[in-house]
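Listed below are the structures to be examined.
In the two assemblies presented below, chain A is common to both, partnered first by chain B and then by chain C.
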Partner chain A sequence: MLIPACGRNKHDAEVNTIDSTLISQYIIAGIVIGLIYSLMAMGITFIYSIMRIINWSMGEFYMVGGYLQYIIVSRLIGVKVWYIGVILSMIGVFLLGMLVQWLLIKPMFEGNVEKRAEYATIVTISLGVLFVNVAVIGAGPFIYSPPGYSHNTQILTLPLSGTRYVAFIGTIVLLSLFYLFLKKTWLGRALQGAAQNRIGIQTAGINVFRLDQIAFGIGVALAAAAGALLAPEFYLYPKCGNIATMKGFEIIVIAGLGSIPGVLCAGLLLGLIESLGAVFLNPSFRDVYGFLFLLAILAIKPTGLFGETERVA
Partner chain B sequence: MKRNLNSFVILIAVFFLVSTYHPFPGQAATAKEPVKIGVITPLSPPGDPAAGQLIVRGAKFGAKYVNEEMKGILGGRPIELMVEDDAGTPEKGVAAFRKLATKDKVIAAIGQYHSSVCTALVDVGAEYGIPTFSTGASASIITEKHQVTTFKTHVNDYDRATTWFDFFLSKGWKRIAVLAENTDYGVGLFEATKLIKEERGLKDVEINGIVFDRKVADLTPQLLMLKAWKPNVLLNIGVGDPTYRITKQAYDLGFFPQVPMMGAHDWPARPEYWKNLGAMGQYMMFINYYHPKMGLSPIGEWLKPRFDKEYGEIPTYMAYNAFGQIVLLARAINLAKSDDTKDLIKALEEGSFEFWAKGDVVQFKRLPGARWHNHTSPLQIVQFSKIDQPIEESIILWPPNMKTGEFVSP
Partner chain C sequence: MKNISDSRLSGLSRYGLLLALLLVVCLLPFWTGQYYLQVFTIAFYYVVLASSWNLIAGYTGQFSLAHHAFAAIGGYASALLVTRSGFPISVGILASLISSTLMGLILGVLCLRMRAIYLAIATWAFAESVRITLSMTYQITRGDLGLAVPKLFLGAGRALACYYLFLGLAVLTVLTIILINHSKMGYYLRAIRDDEIVARVMGINTTRWKIFSFIISSGIAGIAGAFYGHYNGLLTPVMVDFNEMAFIVIMVVIGGIRTIPGPVIGAILIEVLTETFREFGEIRMVVFALAVIAIARLYNEGAMGVVRQLAQRISIKGRHGKV
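Now for the complex of A and B:
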């Protein structure tokens, strides 16, 4: 099957023909990158669902996770046990997140602070700037990359880097574990309870401030996992977290704030739309298709695909 | 208490007298007053901070050479560098230039690396009448504006595209795929490549290109499309992290090195190249501005061992170029016998200046088009034939008079 690609701009000197193999490659590539996008976004929506604040420094936690993985794998344990590096990076960023939450976020929940969302916005944006500058000072201006995690492979028609394949599988594993944690453990159910009714869960004798701290740590650890898994693929530099920030927020708006299944669905949709938009319309404007989709969703369903309208008593 | 206060006042008075005493007041004050030169370059993302750091290192050695070897300028005045970060963004570059012009009173500014920033600074330099040097920015528009204050000792788009076009034709490569970032640099080089095809009327040469947003991490769809087109060669026109992503992702898709790749500038000559790409970097060809086999001028020979001792690596082109520009400016100021910018511009236009490469002499002439005030050092196309190959062992593929070996493919 041959399909003419259309809508090319003046830089694209000629029209291609696209066969079914190419389309299948684009679909597979879209699914793979879409699922990876979901991991970048999961932490943002998880923190929001518990604490009702948006962590704007999520991309910087992604960056910290990547740098930690680089140090652990390249300098300490070697690439053969890269997965231990991912776990250690997650633990490191989890602890960093708990510390940040305790120092900077918790105080606004303790008193009768008005406009918590604005406070959180300022605090987390400032934190992001701080992390980037620390990275510039600590790591210098150079681009880093840990060695690839695995040999190149093939998913059906698509040749794929070993690292991207590992990130794809790793995302499935992490999201599955995260789902099981939420559904099957006491702490997970407590976190769900906090997401539904913060006052209610306090009446049951649960320390909601401690849950906030854990939720923030888990959320940023998920971002760190994405950073650690993708470090050899997308490279490390002080602003590499912008990738996670841009895609993460795009996904949570499409999904609806606070919807965890929605994040998975929106990530896959975004990956597919970007990929197919590139092949059928114009590859130069790949990111635009995702934003057009986002605008369409906002116009049709302002709360996002899986978001719910707030119930006010 | 009163005694202590008196002692304190006397101490301050003695300190004031000692610090302001000179045997020949007029001469000494003038002799120590530095001549300030601005260095505006990317030192943080989204610019290419690795390039910026190399430029700063080279410029600092340039100041060291002037202050220690030339014993200063205009009878002993030292050069002082004022370094500013433009982060690869025009607005930050313009703000930095205004600060250097109004607060620091610099006599010239060098260090420009990103074409979009340099293009913006060309007009600001003209506004203040301050000579503005492109160290690594190549867009033709920089010198095509014909500002009296604009100077460039770096290749322009057209010369660079001509070099790779001639090489491609010599290899019989007539299907040219281009992946270019959406900056003045990327689009400018893409346009220059197409312009050469049109000018020469080469109907059998096909160019198929995609301009991408340099913030995009995943370039798989773009690369799949170009791969399916079955090109003879892929032009990688990115700066900083996108260049690495193009190379790695093309490798992962089985596109490169099966199809040869040409880097549009000398980024593979940097020490981090092999660390980040490993075996994926083998067979890369790239436009290079300096090859160790070219030889160095006396000032280039002065820099090489000192840079190596300080940083544990030989200088790359960007460091040499920034170094050369500082020394060139110092000699032009001496020629002008003045630190007035109008006199300096006149001296730059009238003088001939030894540069850092062997036999390379710089002259800034008011020539048509992009050749206005533009000096281009000889370009080469080189290839890494082996993994971890140092730049001095890379093969020079082009031009024919410098060729040291044949193109190697897997």
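Now for the complex of A and C:
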């Protein structure tokens, strides 16, 4: 009982000395982690908005991204150029995602698949099991961690570990690039079109299956980026994607399925709630507060904060 | 929409086959060793979970990914009640039924008004939350150390008694699901799965029936979990690991989703294979996952489909022979 007792004392001490600095620190910490979570949710919601399926193996792609980053950074190029590692692992997982989409998801739209959502759920869950167990066989049940990317820094009042700072900045950069890609490039606009109307875009002469493949690749590459950025902070083990996927799913239900700006707001909200819940209530249950918030949202506004009422074709 | 009643085997020979199978299973303990007796006991536990999951996921089309969590809730509810306040185990099992159906009701009311996908996501998050809560409330549940549970049937014949207990549970579950399937409710559920909007247009209160089937399957899982706890003597949060859920999905899909015997065959097959090839470690799960992907991708009906086709081919040949 030694370690929990210590934690409890520390927690009590924090509660006793709550002041404005501390509150601001927790708010900033919540924003930082919330934005990082939304990177994960962005991939899930992006894939959903194009193909109308949930990719249940998202956490496993996150894990693969982390492992790739570990191999690249600690064996090949060194930690000083970690950003190249992030880009390389994103490219690797992008290609893997394209392959998976071509092999397993694309047949969903052809032939006689009776229930698409059901097929996709079964296939991607099994894919997750496959990846986890291949990781156990390949790398063993050990915990890996690449060296930290940067020195510790400070954001306003909050002293922050270098890795989390890097992940925060990296997420901002990636999300901005993603936004620019969607709004400014031809491919991004085509993807937006596919999200609006899959048949309409085919009449405009666009190969929607190729778009699906690219969308799936981009979606899982976003998860891989989260995995690569967070690898030194949250460590790597075969099931390390679980918590990240859970946050991602919570965010997309809170935001409402298929809403991309909603994901950002819901991610920040989730980060804030976890952070403030940890300081005011009990830090042990910080991973549960998000779920309680999700239940509250479902009770008050079942379509999510930004979701539109379901339109049935 | 196929189900087992489409099978060309005539009713009489089917019931005869079932009775013969049941007899074999009843006599099985007399020529398996002690080890496989326990393997089969656990296999029957999975038959209960897989069959009840098939009711909500296969027949109703609502993917609950917290079936293992309901089993754990039932297990912990019963175990805590019995150890903390000294009630007899039967009261504990009643409590497990109440607590798991109650959780099912709350989740169902909140999620089942929405698209099917919301239930899957919310139950996924629910299961993870249950796991975290169980390991964090270590003052009550002893967290990852595991909770020692009072055992059922002490004494020499314990393994045999538990074997028959779980066999009985499995048979009871399958019978319940057959009954539901042949009742009006079964038609409602299949209509909801096939086309929810048409079902609503036909005057079926879809939300109510979805919640109802979710509660039933959660309740069955809760009872199974309670018995499992009292059989095993130890409960840990590992019970709510996602691997358990994946295991149930694998069993149902390999056996044949949306068939009554499918989950039964799948659960027994997978559990026995897992135990027999234990020395191969994680390779087993890789093989199972590949098998599920292959079945979903190429051949939708699982082991039951193979059996049914064989039966059809034999009966057609037989008829040709007579003519």
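Brief remarks on what is shown
Definition applied: the second predicted complex is superposed on the first by the 295 of 313 C-alpha atoms of A that agree within 3 Å, B and C clash if a C-alpha of one lies under 4 Å from a C-alpha of the other, contacts with A are read in each partner's own complex, and residues count from 1 in each chain.
To be clear about the criterion, a residue touches a chain if its C-beta (ideal position, glycine included) is under 8 Å from a C-beta of that chain, and two chains touch if they have at least 3 such contacts.
Please read these numbers as outputs of a predicted model, since none were measured by experiment.
The superposition on chain A brings chain B into a clash with chain C.
In the superposed model, A:A299 lies in contact with chain C only, and not with chain B. In the superposition on chain A, contact is made by A:I54 with chain C only, not with chain B. Contacts of A:L22 after superposition: chain B is touched, whereas chain C is not reached. By the document's definition of touching, of the two partners only chain B reaches A:Y144; chain C does not.
Contacts of A:I122 after superposition: chain C is touched, whereas chain B is not reached.
In the superposed model, A:R164 makes contact with chain B only, not with chain C. Applying the stated contact rule after C-alpha superposition, one finds that A:E110 touches neither chain B nor chain C.
Looking at chain A, you'll find residues 136, 239, 242-243, 246, 284, 287 touch chain B in one structure and chain C in the other. Residue ranges on chain B touching chain A, taken from their complex, read 43-46, 49-50, 52-53, 180, 182, 187, 190, 194, 206-213, 215-218, 220-222, 224-225, 228-229, 240-241, 244-245, 248-249, 251-254, 272, 275-276, 278. Across the complex, chain A meets chain B through its residues 5, 9, 11-14, 16, 18-19, 22, 25-26, 29, 33, 136, 140-145, 147, 152, 159-161, 164, 233-235, 237-240, 242-243, 246, 274-275, 278-279, 283-284, 286-287. Taken in their complex, chain C has these residues touching chain A: 57, 61, 63, 106, 110-111, 113-118, 120-122, 124-126, 128-129, 132-133, 136, 138, 193, 197, 242-243, 246, 249-250, 253, 281-283, 285-286, 288-290, 292-293, 296-297, 300. Within the complex, the chain A residues that touch chain C are 4, 54, 56, 104, 107, 114-115, 117-119, 121-123, 125-130, 132-134, 136-137, 239, 242-243, 245-246, 249-250, 252-253, 257, 284-285, 287-288, 290-291, 294-295, 298-299, 302-303, 310, 312.
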